[in-house]
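Quick heads-up: structures coming right below.
What follows is a pair of complexes built around chain A, which joins chain B in one and chain C in the other.
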Partner chain A sequence: MPKQQANWSPYDNNGGSCVAVAGADYCVIAADTRMSTGYIILTRDYSKICKLADKCVMASSGFQADVKALQKHLAARHLIYQHQHSKQMSCPAMAQLLSNTLYYKRFFPYYSFNVLGGLDNEGKGCVFTYDAVGSYEKVGYSSQGSGSTLIMPFLDNQLKSPSPLLLPVQDAVTPLAEAEAVDLVKTVFASASERDIYTGDKLEIVVINADGIRREYMDLRKD
Partner chain B sequence: MKLDTSGLESAAPVWGAPSELVDGFSAAPSFEVPNTTDFDGFQKEAIQMVKPAKGTTTLAFIFKEGVMVAADSRASMGGYISSQSVKKIIEINPYMLGTMAGGAADCQFWHRNLGIKCRLHELANKRRISVTGASKLLANILYSYRGMGLSVGTMIAGWDETGPGLYYVDSEGGRLKGMRFSVGSGSPYAYGVLDNGYRYDMSVEEAAELARRSIYHATFRDGASGGVASVYYVGPNGWKKLTGDDVGELHYKYYPVMPSTVEQEMVEVAGA
Partner chain C sequence: MNFMASKQPENSLLGPESDSQRTLYPYVTGTSVVALKYKDGILMAADMGGSYGSTLRYKNVERMKAIGKHSLLGASGEISDFQEILRYLDELILYDNMWDDGNSLGPKEVHNYLTRVMYNRRNKFNPLWNSLVLGGIKNGQKYLGTVSMIGVNFEDNHVATGFGNHLARPILRQEWHENLSFEDGVRLLEKCMRVLLYRDRSAINKLQIAKITEEGMTISQPYSLKTYWEFSAFENPTQGAVGSW
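The block that comes next holds the complex of A and B.
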């Protein structure tokens, strides 16, 4: 009998897009709320954004079951950290924890494409972007998910900042004001919904600044 | 062959007796492996998800004053440029550098693991580890995972008691000592420029310029390389980042636009 291929895959792609933009004293993290499988929309109201720590929020697209497992794992590790150190994890620390958590499943990866956003220890916005197995970099802005190939070029055009590798070192965070950055993110998703079938329904925006975390919603195309 | 699972041990053990606060993360370390009949096929598919960024140019060479290390900063996933600002030169410790080619996560994780091992060696032996030793540690880890789909093509460059050291280590388990190496899809182009301009007795500035030009030429001809050309120097006091230049700007620096003489000029025609 010829060798049979597996006709069951442990993975699925629930679609959707995520974006994060870092500012001088704020960070904007946004994701659409559509969850789909193939051509079927499972729900129009699913949050892809998860608060990991006081000043640290993660948005993930990909396979939402793996994303949920990953969020639970990180929340549990954060709780242990709080018990052991009597304080919240900083965003850069959580960024490395996420990287290691992803790599520990190197041979059975979490199908999860993440962006982490928050404020660093000095209150400056920071965004970290990941691949599925944990390689990460601190950037000024990033997008992941089905619409990222549509969104990234637009963000590059509007926000392209000097590379952090240049010498002498130049700042990577965007000079935009918080309200302008939120507007930009809304524009970006409106455009992505036009041309990506997996992005749409509603946009959830989370803004972190010195005053805390606030949440905003905006309707997107439902087709 | 016993897999090296030291990369998985939890950093800080729980205080006091492990019996009370048993967090399942201190249990016996092991990589989760999927329960399939066809491990190879599964890994091949899983790799597609990660698409190792082999598109890269990195190089390193030993010369009279020490070691020069340079790399581009582009990461590509198929035809899509996923990042133009990837750090491909990894600082293992203040006197040792590693370069990244192949899977970004594999290189980042195992270089960090190597840094931890080097520090433990220092604490256990009261002296710094040699470049030979560090590269051997990494090569042994990668050899133990041979065949499992890791993709790592790295150079370990450093300065130890015996002087400058440079080793090439890859995920097939290979480890080579040498004076000049270049790794990645842009390496043939980089070798061309590097081999042509190399002399053992160069000054630090000349060596840096040679490294920069080699990376520039590789990014010019290889679509999978680009971004920022970073150049690092490793000397007796450790490494120092010398330059980081956008290769687009380097192009116009090396080949400035010359205003050329106008042969024929178009003139406005008055409306008929």
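The block that comes next holds the complex of A and C.
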């Protein structure tokens, strides 16, 4: 009898979109709360956002079981870091850790598409964007997940990102005020929900600034 | 004398012996489990069928079991894997009791444990072929969650496995509300199970409904639902589409 091939896949895509926007003294991280599989909605109320450190928040979409495992792994590593260094990990430090963690499973990847957002040691907003195997880059804003193809061009247009090829290197951190950035994120998700079937139900927005972390919710289309 | 040389598999990274140990497909399976939160705790329903492909081999399979003092586990998928999971949980609860410290594992903890077990088996490419529903109540906090064979997990006010996701969840989304009474909860579950009975080929008309509250777990005696087959749509199903089936 010829060798049987597996007829199950260890991966699934549970859908959803994530966005992060960095400002001069704040960072906005947002994701929808829909979890799906194929054409079924599993739940309308699932958070894709995880607080990794005091000033560092991650939003991830993709295969939920891998996302959960990744979040647990990073939280555990952060705890060890705090024991060893008596301080919280900075956002850039966590960014490197996330990249290394993802690449560690280069040959059986975490099917997780991440955006990391927070404040760096000077209190300036920073956003890092990743692919599933850990290649990352510091940017002014980013989106990942099923709606990213719809969201990213709109962000490019509204936030007028300077070309990364220009010299001297220009910062892509937006000059927008915090309230304007939050409004932009809401608009972006409302639009993505219209055309992306995997994005919708509810939007969860996390804002990090000097005062701490604040959470906000907005209803999205349920169809 | 000439013996046929044994064929080497194309990818012999691990050799044939270890591959024969991995789950390829399920053999004896249970169909949907449906569960919801109600005023006093969790209500869960599952039929008692164990199918062997298209044969209805076993008609007295209890697919819902109490776990510790606070939880109720329902499973669909491979029955032998469900029995294996019950063995793991037996040990987990035993060790928890042996601490004898007045603390006991609640449904959230058991759900987390199950998620880790399912995910780790998926990582080793040898899954436990089940979709699990874990419900319970501890210190007034109701909990209802689910975990799939590849480790996807979440909690919600109502959950279902397999066909239940297609047929029962829409009904529950329409009709579930907070603080359902016991009677209303049972009525709602029966409505879902009836639809599954009509439309799921592997469903049988012999079900149990389990309830878990602060007082403990009770599971009903097996019973059957009243069905009606005289709907005009059933009488002449192809009336609107001649040549169809």
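Following the convention adopted for this analysis, the second predicted complex is superposed on the first by the 215 of 223 C-alpha atoms of A that agree within 3 Å, B and C clash if a C-alpha of one lies under 4 Å from a C-alpha of the other, contacts with A are read in each partner's own complex, and residues count from 1 in each chain.
Note that a residue touches a chain if its C-beta (ideal position, glycine included) is under 8 Å from a C-beta of that chain, and two chains touch if they have at least 3 such contacts.
Treat the numbers as computed from the prediction; the structure is a model and nothing was measured.
With chain A as the common reference, chain B sits beside chain C without any clash. By the touch criterion defined above, A:Thr149 lies against chain B but remains apart from chain C after alignment on the C-alpha atoms of chain A. By the touch criterion defined above, A:Ala6 reaches both chain B and chain C.
In the superposed pair of complexes, A:Leu167 makes contact with chain B only, with no contact to chain C. The partner that reaches more residues of chain A, of the two candidates chain B and chain C, is B. In the overlay built on the shared chain, the residue A:Asn14 is in contact with chain C alone; chain B does not reach it. In the superposition on chain A, contact is made by A:Arg106 with chain B only, not with chain C. Once the two complexes are overlaid on the shared chain, A:Tyr46 sits against chain C while remaining clear of chain B. By the touch criterion defined above, A:Ala132 reaches chain B but does not reach chain C. Panel annotation: after superposition on the shared chain A, the angle at the CA centre of chain A between chain B and chain C (CA centres) reads 120 degrees, nearest 10. Between chain B and chain C, the smallest C-alpha to C-alpha distance in the superposed model amounts to 5 Å. Contacts of chain A with chain B, set against its contacts with chain C after fitting on chain A, overlap at residues 6, 9-11, 108. Residues 8, 12, 14-15, 21, 23, 25, 31-34, 36-38, 41-43, 45-46, 49-50, 73, 80, 82-87, 103-109, 148-150, 227-228, 230, 241-246 of chain B are the ones that touch chain A when the two sit in their complex. Chain A meets chain B in the complex at residues 5-6, 9-11, 77, 80, 83-84, 99-100, 102-109, 111, 129, 131-137, 139, 149, 163-167.
Partner chain A is touched in their complex by these residues of chain C: 9-10, 16, 19, 24-25, 115, 119, 122-123, 125, 127, 149-156, 165-166, 169. In the complex of the two chains, the chain A residues touching chain C come out as 3-4, 6-12, 14, 35, 37, 40-43, 45-46, 63-65, 68-69, 108.
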